[in-house]
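The chains carry the letters A, B, C and D, assigned in the order they are written, with residues numbered from 1 in each.
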């Protein structure tokens, strides 16, 4: 791979691992008066924040880079890591560059976290979006549009621009491009997994959490061109689809470990909110309505978005079949209620379809992986050795 | 002279103290025995030893309060109190400005938030797992072949503490051994062990408000390495008195006096007047 | 089926010597295999079961792992060679398993202990469908497919409760020889349960039992019951099991076997050299790779 | 502590409660046999029993089944059965017990339960519900409908929220008409809403009786007994009769100055669901200290009426929507729960708070450490924090909980003896400036009204 791309990925790693959010601070210096709005996974309408003149910042916990000192006392046992590390970041000042925080109802822990933030950070704008869970109702689109308008009004109060259709259309276009580039990278990896290391793709993608979308688009197109030209020799590997990491993210070393143990990742649900829509959002006459409708009718399946018209377990099997995967790897954060519940139906469906799977539990704050290594290697061995 | 006793039957060690109001409240005797297998016997032995040291007859002791995990096994006791109440009370007596107590014993650790009168405001305890307790330290000492009272001072000599990843008391053995095999110095390994426990303890303790003065009680308070490690993690100083190991028993004895219906003036007896350790 | 022990093997030299080394957290075990097949024939593609008649176990060796894993592996292998009357230089292929598998510089391949357990057990019991391995620090439950692949597996958390080192500590407290703990437990008439889930905290419970006059067999049986409970939980998670192969050092202890039987109510098979099953599996898988490699170069 | 004598209340309602619940199970059995009346699976949180009355349908509450299993010590088997299906050790055990029991064909009373005509996922607060109902529909092979109730993220529900819920209610009515082949009876629905309002009035008054010293009933343990009829019969004349009788009996008791114990010593507010597998022992721990729960958040899962909300027959759909949106503890946001508890301490004259952290239920428990921080550090109210589970017997350690409970009440007793124990409004310290050692720890209160 050309050194330029190596450097770019290295740069991404620095950005991702920088707890101080240097990139966000820099953006704020360059855009005086504009706010940075953090959003907790999984999805947030970044277009809307962008159109208000603000920087949407994706929060994905602090990994093992922060010792839990205060947050454990607030959230106690049986709660996933990301909830605690995010609160710890807040309590120890790492979220100071952010002027606001957005949450949505992905699970009960994250929802309560939103309000714990509200109490502990009264000087910050902390909001909770209700994203509809009943897309089949005729009233959902109207409701979601109203919810977005409520958000827009709040952002305006924070000093944002009044939401204008033109600005929103431009933002939608920028994010459509972002998703298209990511989609190309994902498609490239699915067809030529030896050419794209998943850990690299992950870093490239996650750096976007802290960058203006325009910059990110530029980086992604550079990387895409480079990677497409790359020459690499395919290895004897197991082709897998990763499921279950839509919110708390597995440590980078764990992603590498999975690859090193002999897996080609054809698809994953890391940072799923960045690739939320399956098609471009149509930026027509009613861009806000289009954004809402895309959420309801043209988005990926997810354990935190319920749509009883399309069952998630069927969709997972379809995906694995479509991509020609040998197996599904569930990477689930410890105590992640939605992922674990979905696993039951996924498992049933995969077994019926005779697609092997492995479940690994991780914590973003873990830094030794002996046991996980054994598990992945055994799994690979069980598929490779006859 | 009126006499009262507090007996703290811990999982590892049993502590007993005799107090009396002989021209002011005094600690007349105290004793420390290993709890061992026979909890009831240990309680008795501790109590008798304390009586003997105080030079009083057990029959003359008017009221005995038992505490600690074996408190219900004390046949001669008049009543029981939880060790939480007793440590708070004892610590408050030793340091009247106590607001937080960190008690680390053989099998559990707890943090107690204490009010101005020595009353418990809030507390937390670890559960179900011996990771990060006195046992953890005792095991580490054993693996290294160093006396329990030496590991603390030795750990202070560390310059590059190792990172201990295991919290399990049993498995820490192999961590320690592999560090030694890698040529790490015992003091660095020990410092790592102490720090690991300190982090765990403080993250537990943060569930209650931690306010000055912070008093450490329980057997592990005798380990200067642990005290320093806790101070380092907490970023503030801990109060540790020479009677800290006896805080639970002292608290129990104070409750005993109260239960006797005796009016007493808290604060007359001070650690300085204490009888020598038994 | 049983393998013929080394003494019975035919005196002609094996075509190929393969070693499997299992570097466990407590003990390192080595198995030396001889392959007597036709050097020219292509055996690489055949399933392991078909190779059985051409394979002999020539020697075994075991030593404490300690911290120098490579050294332990050498020592165990030397023992195995001595038992086989072979020189280590004659070994054609070394497969390493266990937590120290990457530490063995002289290995040809590393394989996880789960794959090896499954292979070893399947080789000894061709119809084995589930394996449980209880070692010093770990418990592994494995279910197999009809063809002998690993279907599902679960390992315990990094907690000493319910694994071999717990038994070692308990034996020490009760002043019973490790060799005989299992047999003593079998004499229990009224097992006394241990309520603590923690190996360390359970010790004081054990002590209390002693002082309350509970007999040593009853205490030990109680400990095995709690160990069996934990293993049963892991087994449940790998799917329904109606017959089980029990391997690893703890399988040497009758008390553990009986407790598992009581708990699971299914037949349990314990191979004679149960703690070597993982090393055996490694050696067998190593053999397959070695044959494949020969074929490729031939 | 010696056992305290407890005058357990045994009035007429005690028997009537049993009869009512028995009748419910009989109706369910009838539905299982004949399909008549049709049954609809529903969640307790902010349930709309009134809507079902409009169809003459009988509610099937999986939570009631789960808790019955736990109380009868039958929950472990189904939980293990569910774990074999792949549920994680840490998933909500209510769900596991219910699904496990379904798979194993276990019912709490031993009588068959019907296959519901519709699994109606009234998503009121708890995200786990959605998973639960999805699975319940999947494993029973029955139709599934979603009723998405926006979480209360503003002080009051917005007009859009109400509109969204009302429109979904209409859609569900149509769906139910199709599925059951019955017509929705608007009059009956309105009548049910009227009954509900009367039950709510009586129930709310009963709860207000607990403000007296001594409190004539326990707003946690006794409330749980009354919650069954509250959810099943709220919209019916039986419910009205039952609750009006209950009110009368409680008022009489209050007039006689009778409490739960011969002498009420402590008054606490309880937060969190109970440990059903150890319900008795748990209750005894309070009894041994003569402590009465004067208020509880758990008893407001199905509806929060003591602060004034009532269903309104003049706008039945809207009031059903409002009830779901804003007048039950599960759909109110976390800080509104703090405020609810704070009011209980103040207006119900409590000495302290007991937070029961339940491993299964993140809806209740996620963040309870922060809640405790708020009450102890900021308001200075004595607060006990204990952990166990509401369904899974493996997470209850009687000795540990008792130890903590004893320490807590010892402390209260000690404070009382030194005259520092304050009660009710006096127990609430005004937010102290600079209190708190954690950076950013909330000195400043930012609770939505």
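Note that in this section a residue touches a chain if its C-beta (ideal position, glycine included) is under 8 Å from a C-beta of that chain, and two chains touch if they have at least 3 such contacts.
These numbers were taken from a predicted model, which means no experiment stands behind them.
Enquirer: Please work out which of C-D and B-C is bridged by more C-beta pairs in contact, and write that pair.
Expert: Looking at C-D and B-C side by side, B-C shows more C-beta contacts.
Enquirer: What is the distance in Å between the mean C-alpha positions of chain C and chain D?
Expert: 51
Enquirer: What is the distance, in whole Å, between the centres of chain B and chain C, each centre taken as the mean of its C-alpha atoms?
Expert: Roughly 43 Å separates the two chain centres.
Enquirer: Where the centres are mean C-alpha positions, what is the separation of chain A from chain C, in Å?
Expert: Going by mean C-alpha positions, chain A sits 42 Å from chain C.
Enquirer: Multi-chain contacts only, two chains or more: what residues does chain C have there?
Expert: Within chain C, residues 158 contact more than one other chain.
Enquirer: So which bits of chain D are touching at least two other chains?
Expert: In chain D, 369, 373, 387, 438 touch at least two other chains.
Enquirer: Chain B: which residues touch two or more other chains?
Expert: Chain B, residues with two or more chain partners: 128, 206-207.
Enquirer: Quick check of your reading of the touch definition: is the inter-chain graph here a line, ring, star, complete or other?
Expert: complete
Enquirer: Name, in rising order, each residue of chain C that touches chain D in their complex.
Expert: Contacts found on chain C: 236-237, 240.
Enquirer: Under the touch definition given earlier, write down the residues of chain D that touch chain C in their complex.
Expert: That would be residues 80, 83-84 of chain D.
Enquirer: Could you pull out which chain C residues touch chain A in their complex?
Expert: Those in contact with chain A are residues 47, 99, 111-115, 118, 147, 149-151, 153, 155, 158, 285, 288.
Enquirer: Using the touch definition up top, name the residues of chain D that touch chain B in the complex.
Expert: 369, 372-373, 376-377, 382-383, 385, 387, 397, 400, 403-404, 406-408, 410-411, 414-415, 418, 420, 435-438
Enquirer: Would you pull the chain B residues touching chain C in the complex into a rising list?
Expert: Those in contact with chain C are residues 11, 36-39, 107, 128-130, 135, 139, 166, 168-171, 174, 177-178, 180-182.
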